[in-house]
Amino acid sequence: MATQANSVPHPTLVEVDPFVPADQQKGLHNRWHPDIPAYVNVKPGQVFKVQCVDWTGAQIGNNDYSDDIKNVDLTRVHNLSGPIAIEGAEPGDCLVVDILDVTPFEKMPWGYTGIFELENGGGLFAKEFNSKAAKAIWDFKGIYATSRHVPGVRFAGVSHPGLIGTAPSADLLATWNERERGLISQDPNAIPALAFAPESKGAYIGQDLDAELVEKIKAEGARTIPGREHGGNCDIKNLSRGSRCYFPVFIKGANLSVGDLHFSQGDEISFCGAIEMAGIITLSISIIKGGVEKFALKQPIFLPSPVDPMYSAKLIFEGISVDYHGDGKQYNMDATVAYKQAALNAIAYLMKIGYTREQAYLLLSAAPVESHVGALVDSPNACVTLALPLGIFEHDILPKEEGLKKIDFGQCAIRSDGVV
Amino acid sequence: MATQANSVPHPTLVEVDPFVPADQQKGLHNRWHPDIPAYVNVKPGQVFKVQCVDWTGAQIGNNDYSDDIKNVDLTRVHNLSGPIAIEGAEPGDCLVVDILDVTPFEKMPWGYTGIFELENGGGLFAKEFNSKAAKAIWDFKGIYATSRHVPGVRFAGVSHPGLIGTAPSADLLATWNERERGLISQDPNAIPALAFAPESKGAYIGQDLDAELVEKIKAEGARTIPGREHGGNCDIKNLSRGSRCYFPVFIKGANLSVGDLHFSQGDEISFCGAIEMAGIITLSISIIKGGVEKFALKQPIFLPSPVDPMYSAKLIFEGISVDYHGDGKQYNMDATVAYKQAALNAIAYLMKIGYTREQAYLLLSAAPVESHVGALVDSPNACVTLALPLGIFEHDILPKEEGLKKIDFGQCAIRSDGVV
Amino acid sequence: MATQANSVPHPTLVEVDPFVPADQQKGLHNRWHPDIPAYVNVKPGQVFKVQCVDWTGAQIGNNDYSDDIKNVDLTRVHNLSGPIAIEGAEPGDCLVVDILDVTPFEKMPWGYTGIFELENGGGLFAKEFNSKAAKAIWDFKGIYATSRHVPGVRFAGVSHPGLIGTAPSADLLATWNERERGLISQDPNAIPALAFAPESKGAYIGQDLDAELVEKIKAEGARTIPGREHGGNCDIKNLSRGSRCYFPVFIKGANLSVGDLHFSQGDEISFCGAIEMAGIITLSISIIKGGVEKFALKQPIFLPSPVDPMYSAKLIFEGISVDYHGDGKQYNMDATVAYKQAALNAIAYLMKIGYTREQAYLLLSAAPVESHVGALVDSPNACVTLALPLGIFEHDILPKEEGLKKIDFGQCAIRSDGVV
Amino acid sequence: MATQANSVPHPTLVEVDPFVPADQQKGLHNRWHPDIPAYVNVKPGQVFKVQCVDWTGAQIGNNDYSDDIKNVDLTRVHNLSGPIAIEGAEPGDCLVVDILDVTPFEKMPWGYTGIFELENGGGLFAKEFNSKAAKAIWDFKGIYATSRHVPGVRFAGVSHPGLIGTAPSADLLATWNERERGLISQDPNAIPALAFAPESKGAYIGQDLDAELVEKIKAEGARTIPGREHGGNCDIKNLSRGSRCYFPVFIKGANLSVGDLHFSQGDEISFCGAIEMAGIITLSISIIKGGVEKFALKQPIFLPSPVDPMYSAKLIFEGISVDYHGDGKQYNMDATVAYKQAALNAIAYLMKIGYTREQAYLLLSAAPVESHVGALVDSPNACVTLALPLGIFEHDILPKEEGLKKIDFGQCAIRSDGVV
């Protein structure tokens, strides 16, 4: 018969408390550096769990104001769990990482999507909108998310780690720092900043280490904000539970770290372009010796999951690299400009059915929206599309002879001073 | 019983010969201008067919050299069928265009994908590869395409018009010309050119018109190369047979034109990033009065088709906005650079299984590859993904412990002088 | 350049006229027999086309009465094109048949779905409904079908041959005839008949053959109504354009015959459970020597097409093997009874939104409805489900708090005497 | 910030221990009867969790012999959690049940698939195979299952409750008992039994009730084995997490019960045709007043989940209602016979690649295999298909020119006496 004895749960190798500031907990760190020692070791093939705080480390609350977004301390992000060393992994190998599951904590069935202030975080439309802090709290109901701040929608999460990567070698880290400093030097005072150099302030290495080593890591450690050759913050929604990812290994043990879990995400457009959550990721890792050469790996490759939500009916918006929502300027094959126009077209449509601009922006960040690069060769206009799944709406939002029905959906969480 | 009398075929409103140069045929034109009169008129709801030459107007042949690509006359593109006026359409209306079918001519069951010379056409990697002309001929076998120039693959076409749009108003045309001339003036001698100003040379208006009017159209008419607010050359592979598209109307009758049919396409990366073909499009069009205002239409929106090919298993490549395949330069959130890296990663992988760089490039342009904008908010690295469907390959191309099996796939069609 | 000379169309090997009675045309036959000589020969790998009349051989017209259904001569069905011999095929081989495309004739853009009289054809609910003849004419508009007789729906066709199979050997034919005669003998006067023995009346072999041979074929030839080990009338909607099928070969040359094309089909429930059409099938065939043994082939196996329509949102009805729509009788694990209940539940639902019973029945036969065998092990109730795609309806038909909105959809085509 | 205080977990309304025999626990019952009082009450719209033991109530262990399957006590099944009363539900209403999630217990990450003995449980092929007990233990690794007893496959679960239903009214219960007794009386000694009458032995009502009432319930209560008008044991794999189901209500409060959770299931063919597990279901329920009449509900209808695993590439087997795997007998439109042939064809194919008959049978029961009723109208042969997803196999199992590669996959768990 079924007994406790013949039922062995998968071990949890990193345990955290999602309600405690990240910098008071072990097993978390927020910089990339080869000298951060492995926090745990695993054997190839083992199934194990890793708990993760949300990317801010508990700074954002389940309430109806966005002041916490306004005041968030971004020097302290992203809080990653690990590093996890894999026995036998060596530079040049390929790490086969099975993302077996990603779930919220049972005791914390909610997450959030935020719009950040132009001066603190920004985001895709920070300048266009002169963004003020806003947020939506999303309640997790099994596989679905709904929000009191964005009523009228319900969608299945494509849960995934926003941030997962192997540790860089010293050489690779030096390359990152050099090239990013070069970019910053082009306009050191840009708002939002062009890139983020290593910064000791807010840096956290959640292990008992020699003080000198900690200072070195803080001084040199790459920020976690952008994705890079090792993976990192690629915010790829298809790297979801059930996917298999092939990472290049740069140091002995590989030292994988993971965090910034998302319950759901569109192809990311706002700064916090996802439903951010604390939660638990289940992993299993194996090694292909010499895989970097075998597969010409310059950056991870991956196989998507068979269980990503299927919403086959979609309404698709286009955008070209002309800022026709702004000053009408013609850009040269700029996919970012094109993407913004597609998103602004979608936002305009959503406003016709009753959402505020902020709600629409948050919804595009949270829902399983897909964005394609249609064309990058027809000078001067890049063409990008954004597909909005129809099945997530409680109402029929298709274009109708009689026009669109406008419903009052209220507003999302805004600042307590009322500034939007 | 079934009789000829009770079986009424859908009428063909524009007839062309795919083997005759476009500029010797009626009902074709290759510039956008409001003063080009409607070539045919249709009633809302009518089902009708329109024949189209290939975008070059029969310049490319079914043979094993790429000299025709090298020498193609690009002033003469794209050859569009129409304009088609819809009874009752007025500026501000929305045209509901059902793309009911897109097929090749029965007498011409083939198409081509080309790599264009840096100096004549270029393409995404024109500079990186110092591109020389190359091509692949694709044979159409029912819903599938195969190629003697890219063996080992077979895929179902997502057939669609690469180019479809309503005629611009005089004001809109003036806006296009002004903004694009502004871009050109930034670097008038750029190779490839930043944009293409109106040019009389090669312009063709396939109707018997007053000579003065023809000269005006040739002098002012916008080139068809980029997509714009009216649709145009958006090269969106999901605008495929079965899709429904909502276009803004700018002039009385709407004057829709269509051409540049594709048998299949990836999210377009090469200059001629698709399997180009001559063929027949079946359409039905209706009108929603005042639809531009009702749906906040700045550019077309559309519903994709239920019959797009489903290849659920994919291998996905990532790219960031660092030119790590080139000089390692850091770009600021540049999705185009990120896209190039993802494509170059895919090309490197395909070369491991035996394709030449040119074959791989042509394959990514022709097959139903999908590209997503993963993230545009994590400074400084935009992250873009490119998904390669596994089901199109005759062999298993998944990463394996023992590495990838390299097969000799020969080479695509190259120049008769052997320069690659 | 593109020329007629370098553009070779795929040959049409069997040509028919869809407006001429089948028994006045060559290359058609309506019985299975090993002695029917090959009408055409093909080489492995060749792409070719075969034209087919509709299954009745032009007996049904595009009009608004169902008298032709009432009076249809069923001894003359199904009219198959062929046989097609494949060079080198021998008994025990496996025929790899690529169904590359299936289209209607351009000159005949319509098809029909019929309900047959209890006494002439019958169908799933022939007894329950005491069926009288009814029909719906479907207009083909590119990939879509719509009907003036069943308004309010539009769906993409899963076009396929309802009937395709290799010729039986003499032994296999004898087995068929023996076992089916055995069944008939259990209740020779059953209405509808339990099975159909060979019958000379109506038999047709469209070749100039020795009279004695023709008599033998007519006397022994198996009727085409049921599917059998060689394929035949399996009415599998997933055997659609783009699919690859593996048939066992029973005689030298294999002698494949094909017909009964369907524009679309649900998992078949009415007698004429599909949109029947005349049309053209494009094929390519290769051989795997000894494939019957290699793959344990007792009946064809196949790979479905990547382009079958995707309607992800569905409303699913259940049925169990209790006739609760009739006398409430309990059956023992009878999937047919369970299937009927599921279909009757769907019909009852469709009647709530305004369709007549006949329209609902025709719609379930024509649309891409899916039926699953849920369970066959929980005595005494088999459980079967029937999934109705929501995307085919112009209106939202989901269950609503306020109930379902009833619309007047008129009636389908019925008998000219008005009997329903 | 995020705090325990602003993070309210969804309540667990029924708690059970999966390692304790079911009849020692509260909140479980294994008969359907209107007089079983509600165990818990919920308000419409509330999200809550219900824990469930496996269907046998812990009789089966995680080990390598099938003796527990051989000796299972089937009078004690299925153990359901509940009943759950919904405030305000009345006869004639429709219960809208959202199945928000279905997961295993973290402490019990495994399940099993069993083949039951002909004399104790049986199953689809009990007679054909003269079945002896066998089983496979499946390990749950996040969304995937693998088995040491069926190596070489890994698949994503379509987790769902095998058994969920509302309580019958006294009248409905009487109808069930009458009609099933009628069937049994046709052959009271059949093996396996035709149906199961109410039986006090093994009956269990896990509440402290008046002894007389308990006796009445045990004497009259319907067995849980078959599905019926209220839902029940329909074993519909698409009733998975994320689906929404509409149940008819027969008594005040509706009294929903649920159990027999499955991690995964094919369209059920073996007796225990699924990966059986203990686990937790998350639900939310609302009411549509008078919904039975509004939606013509004779049995539940439902909307499937957007997150069911997508395996688009499939190998499809056919079967007709001729027992060609047995004595060759012709059946009259018998979908069960046809289904068996399709399954036997698949088993024969799987044996060619190295699985034993028992492993193949267990795999078809456990994996997301789909079965369609192709045709039920072409007398005398029903045609049924069974689709095997290719993506679940570690090796390529497609038909190849050179035949299939046979691998030694060992054997599943069999009886300790070695009898297979």
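Each chain gets a letter, A, B, C and D, in the order it is written, and its residues are counted from 1.
Just so it is clear, a residue touches a chain if its C-beta (ideal position, glycine included) is under 8 Å from a C-beta of that chain, and two chains touch if they have at least 3 such contacts.
These numbers were taken from a predicted model, which means no experiment stands behind them.
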Chain whose Cα centroid lies at the greatest distance from that of subunit C: A
Inter-centroid spacing, subunit D versus subunit B (mean Cα positions, whole Å): 50
CA centroid of subunit B to CA centroid of subunit C, Å: 38
Cα-centroid distance, subunit A relative to subunit B, in whole angstrom: 33
Two or more partner chains touched - positions in subunit A: 306, 310-313, 391
Graph class of chain-chain contacts, one of line, ring, star, complete, other: complete
Touch list for subunit A against partner subunit B, complex: 94, 96, 122-124, 175, 179-180, 182-183, 186, 192-196, 225-229, 231, 233-238, 246, 267-271, 273, 288, 290-291, 294-296, 298-304, 306, 312-320, 322, 324-325, 328-336, 339, 341, 344-345, 348-349, 351-352, 370-385, 387, 398-399, 401, 403-404
Subunit B - residues contacting subunit C, complex: 1-4, 6-10, 18-19, 21, 47, 54, 58-63, 68, 98-101, 106-110, 141-144, 156, 241-242, 278, 282, 284, 305-311, 391
Touch list for subunit C against partner subunit A, complex: 310-313, 391, 396
